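Working notes, beginning with the structure itself.
Labels for the chains are A, B and C, by order of writing; each one numbers its residues from 1.
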Amino acid sequence: MTAGTAPLVPRRRFLPVWFRDVLARPSGAIGLAIIVIHLAIALLAPLIVPYDSAAQDSKAMFADPSWQHWLGGDHLGRDVLTRTLMGGREAILVSTMATAVAVLWGGLFGIFLAFAGRFVDEAAMRMVDAMLAIPWILFVMLFVAGLGTGIGVLIPILGISYGLSIVRVVRAAALDVVTRDFIQAARARGERRSVVIVHEMLPNVLDTLAVQAAMTWSWMLLGFSSLSFLGFGATPPTPDWGLMIADARSAMMVSPWPALAPMVALSSLIIGINLLSDGLAKALGVDRMTKSAV
Amino acid sequence: MVRLVIQRILSSIVTLALLTVFVFFAVELLPGDTCTAYLGRDAKGDRLETCRENMGLNRPAVERFADWASGAVVGDFGVSPYRNKPVSEIVGWRMRNTVVLALSASLFGIPLAILFGIIAGIRRDKPVDMALSSISILAMTVPEFVSATLLILIFSISLGWTSGVVTAPADAPILVLLGSTILPTVALALVFAAHILRMVRSSVIDIMESEYVAMARLKGLPFYWILWRHVLPNSLLPAINVIGLTVAWLLGGVVVVESVFNFPGLGRLSVDAVADRDLPLTQCIVLILATGYIGTNLLTDLASLVLNPRLRTFRG
Amino acid sequence: MESRPDVIAADDLQIGFVTRAGEQAAIVDRVSLALRHGVSLGLAGESGCGKSTLLLALMGHAKTGLSVTHGACRFEGRSLFEMPQEELAGLRGTRIAMVPQNAGQALTPTLRIGSQIDEVLRFHTSLTPVERRERVLDLIARVQLPAPAELARRFPHELSGGQQQRIAVAMAVAVDPVLLLLDEPTTGLDVTTQLHILELLRELADQSGTAMVCVSHDIGVIARLCDEVAVMYAGRIVETGSADDVLSRPKHPYARGLLASIPRLKTGAVPEPIAGRPPMMGSMPQGCRFALRCDHARDLCWAEMPPLRDVAGGAVACHFAEELGPWQRPHDIAATALAAAGHQPVLRVDDIAISYDRPGLLDRFGLGAAKASRAVDGVSFTLEHGEVLGLVGESGSGKSTILRGIAGLWPLAQGAITLADGSNLGGSVDERPRDVLRRVQLVFQNPDASLNPRRTVREILARPLAIYHGLTGEAAAPRMAALMAEVRLGEEYLDRLPSQLSGGEKQRVAIARAFAAEPEIILCDEVTSALDVSVQASILNLLADLCASRGVACILVSHDLAVVRAVARRIAVLYRGRLCEIGPAEQVALAPRHPYTRALVGAVLEPEPGQVIDSDGGLIIDHGDEAGGCSFRGRCPRAIDLCAASVPDLLPVDGAHAVRCHRVAAGTV
């Protein structure tokens, strides 16, 4: 039951409001700040680093932090600070592009399925479920085994595999919207299906999609780093956090710095993205505890 | 009810079948095949032809699929070109080890996660909850290889309590194996337990705010009774389902964690297989782990079906 | 009256919260009331007036985020909010009990019914388990539910809404409380079930001398159940007194407005709305909160908050109550504007049937129902130019389905629907030409769901203007302005999103959207069910005016006979997909012939105390699918053998009045 209790606030449109709301929350603001800092570093790294990331100096092998090497040196005498600052570039590039692929194909397919006939929907979802049964890392590794590694392989494969769970979530959100009366009203007006999808449904699904995009981005980063760690992501001598941690692991007893620095860098970025997606979810009123498989 | 159970089992079988088709044909559709992958740069001319003959790659795809699938059912996955041994032999012990690891991580992680999730839910927003929630968020966001490496750094290198690398061979007896699996178990359990904790916490909070719990309070019932009879049964039910879903993380985490600790299991093997571009072996491991996931989900779904109050009637 | 301390008393009670800006906002604002033993009090008011919060406070409970900021609430002299938790828990369930609003949600899904009643006994009495079991069965029988032993073993989801509500009552009276609190006890129940629950409560209270406090937005329920009434507005009590005094001779302008806005079955007048909307939290005026909407407001009203003071026949919070003169009940505005002389019918519905079946793959197993159950079966009627036809029925009667069938959203299993010029409406929406679509427009029940939450009002209205009339941008602006004026919304609303509008305002936009198409026929599906009474009145007025001025015919669907009676020229009554009676509104409402209509009419609760209920619907036992024969015979007190054998035809009994009943046709009833 409603009476005249709606607040009279100035008109709000989708774009500016969510942005302001996100920033108003501590999680959103901090998250965004962290991300911006990381992005800035990644972009400007080649200009600000003291050394060349591949330059080896035998005197600096396993060196402790000093004025010449702020974070010490790794097992080949390379400057840890330099490599840490440069270490996010490839990871951020790959994860951003793969997220774009995932969101695009997952979002479109999910909305399409909400409108498709029952048979098509069931058949497609069965296939999606079967593919989701494979842990994502093995999914990617299967294709790497067949195609080899490299950005050209990883971006599409990561995009496809993470897109699968987006299909699930977007389809559920779209199905929820489809049953609501304003869609019926649009149908009753005789609007064409494509118009209904774009005009009426899409704006309502974008919220969910935005939150999924943020969460997917953080998983992508995590995924790419894990792959690099295992040797299937970035190739040496590219400075990459995952790769660095793998290299430094066996010599941690001698010097922990070559492992710690990239760990902190990677973790902070992932935490930043998670904070942002949390803030986004709260600002948009989307329920994050979706029961998706990944 | 029986009908629903049968439906659910059939559904899993269908998924399994589709999975098998996918694993096989995904590889088929890629440029190249087992031999070009394995031979790499040497993949040309006679060597290629001989390899293809040996692996039987000249037969039509559907025939090979039928062969492979029917073999898979009885545990025969063909031959690994790299190691020149039947795949099942290579996989044998490793599968047992991974099962041991996964089971110990589950037995360790699930009860603790549920317990702490309930505590966090009841004492929402109090210090206990803040601490538990922060820890689980950290566990969820920090990559497994990072947390595993950190564990080694702290417990193995700094404190020296246990060795950071598993030295037992693949066919070691279980007890020997278990002796050196403490750190891997904890590392594996971290992520998966964090998800369960969050889910249980969220579920408990939801139920505590439900109308029927409010009603129980208004009936003047004591808190411990409300918790035990009204809150817990209703909040743990959805958790059962989620436990099934988080097994996906467990199985994925196995790959990374085993690599970090050099544990002789399927995960470690899969990394080697992919590095060697050994497709038959990779396909086999993928199939086994995915089947594990489907099986676990089937069990948890059936459990929640049987326990769902809306499906029970006054007869039972 | 014995001179015992009051059962429950609120003493200048204020419950509220602190806003983000640091200000005090009160939901219950300095309320004082006192209730004696054995008396039942009704708290009447619309949404947001604070009545539910007050009710919970009478149990010592405040929702999360709210707290007592002033005053106290005393039960038998003891302050509830200052008691230690154990003492409070001890009181609850034993001496104070609550029957919640939505019983289905208030029962724990994983426990059997018997256990849930047993819990109360276990912790609040010292009975042995065997004695408790007997007591549980006894209680279930006391609330008139059959087969107590079997019912006790059921789970909540196995019970119907009415049964769940009875169990909630059983739990509440288990330990013979001194005070019973009822929160909207009949929401969601069918009219006939509602009556039975109220009878039960009345009986139980009389037997045990229990005091009751009942919160309801339905004044009819309060009139039936309560001895005394308190009317609340914006967190304050504005009038109290005996039920008779307050409901027949209201003194406060708001109480008068509220009672005037309720549609009444007997008189059939179009209800009068109250202009404006209640003040919002955080912008409460200094003086009387109703002053903004009051016709009699003067300077003193704006400056000073009127106290609740005793007058002859109760208490009133108005400075000038004595000067207002006696209250005129809304008189009978015979629906002249709507009684258009017989024109040519604009819509002809011919023997249509609609079914819900969707054969799935698994239906290949058990052949089961060869004839899928039909939501609508053999319905025929015509709609005349400019008339409002009311379609009434309980949930599941098929009334909404008929509208969707006419609109083309559900396919017809048989029959035909045609417009005046012969255009066939039988196909689905996709098959109809645009012009045909334009002529029939649908307005939905829930404006939250029928307006796209992401589109502004302007964009929502632009669609039909563009599709049906080809008007866009500048060309559409004058039409849009005219529409907004017609639904009495200012132009500033055009740039708002639905979330910024109240329920009534949203519904107006939905109506404007429908009229933007310039239709011939409007289909209204429970358009007022989700609204407060006074807002409902304004929407009904709006609809009646628009239809009359534009000559548009309307089919108004509702479960509420009084609502339909207020604006309809003819009323059709549906039961389980079949028309059982159709005729002029006055005749159907005042002199119904079909046994079902008679039960419905008899169960309507007017907001008048001391109503004599003339319902012969009996105890409602629902039979499953009866093949063949009249579908009402399971509940009909007048059924004979013939009723089981064949379905009666809809036959005229008196001019335009037709009834589907064997015995009515034969003149034996």
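Here is the rule we use: a residue touches a chain if its C-beta (ideal position, glycine included) is under 8 Å from a C-beta of that chain, and two chains touch if they have at least 3 such contacts.
Computed from a predicted model, the values in this text were never measured in an experiment.
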| item | value |
| --- | --- |
| Chain whose average C-alpha position is farthest from chain A's own | C |
| Chain pair showing more contacts of the two, A-B and A-C | A-B |
| Distance between chain centroids, defined by C-alpha means - chain B, chain C (Å) | 52 |
| Distance between chain centroids, defined by C-alpha means - chain A, chain B (Å) | 22 |
| Distance between the centres, which are taken as Cα means, of chain C and chain A, whole angstrom | 48 |
| Chain B contact footprint on chain C (complex, rising order) | 59, 61, 88-94, 97-98, 100, 102, 105-112, 119-120, 123-124, 150, 153-155, 157-158, 171 |
| Complex contacts: residues of chain A adjacent to chain C | 1-9, 11-12, 14, 180-182, 184-191, 200, 203-204 |
| Touching residues on chain B, where the partner in the complex is chain A | 14-16, 18-19, 22-23, 26-27, 30-32, 37, 137-138, 141-146, 149-150, 152-153, 157, 198-199, 202, 241-242, 245, 248-249, 251-252, 254-256, 259-260, 270-271, 273-275, 277-279, 282-283, 285-286, 289-291, 293-294, 297 |
| Residue ranges of chain B touching chain C (in the complex, touch as defined) | 210-222, 225, 229-230, 233-234, 237, 309-310, 312-314 |
| In the complex with chain A, residue positions of chain C that touch it | 46-48, 217, 276-278, 280-281, 407-409, 429-430, 432, 434, 437, 441-442, 444-446, 449-456, 463-464, 467, 495-497, 499-505, 513, 517, 530-532, 535 |
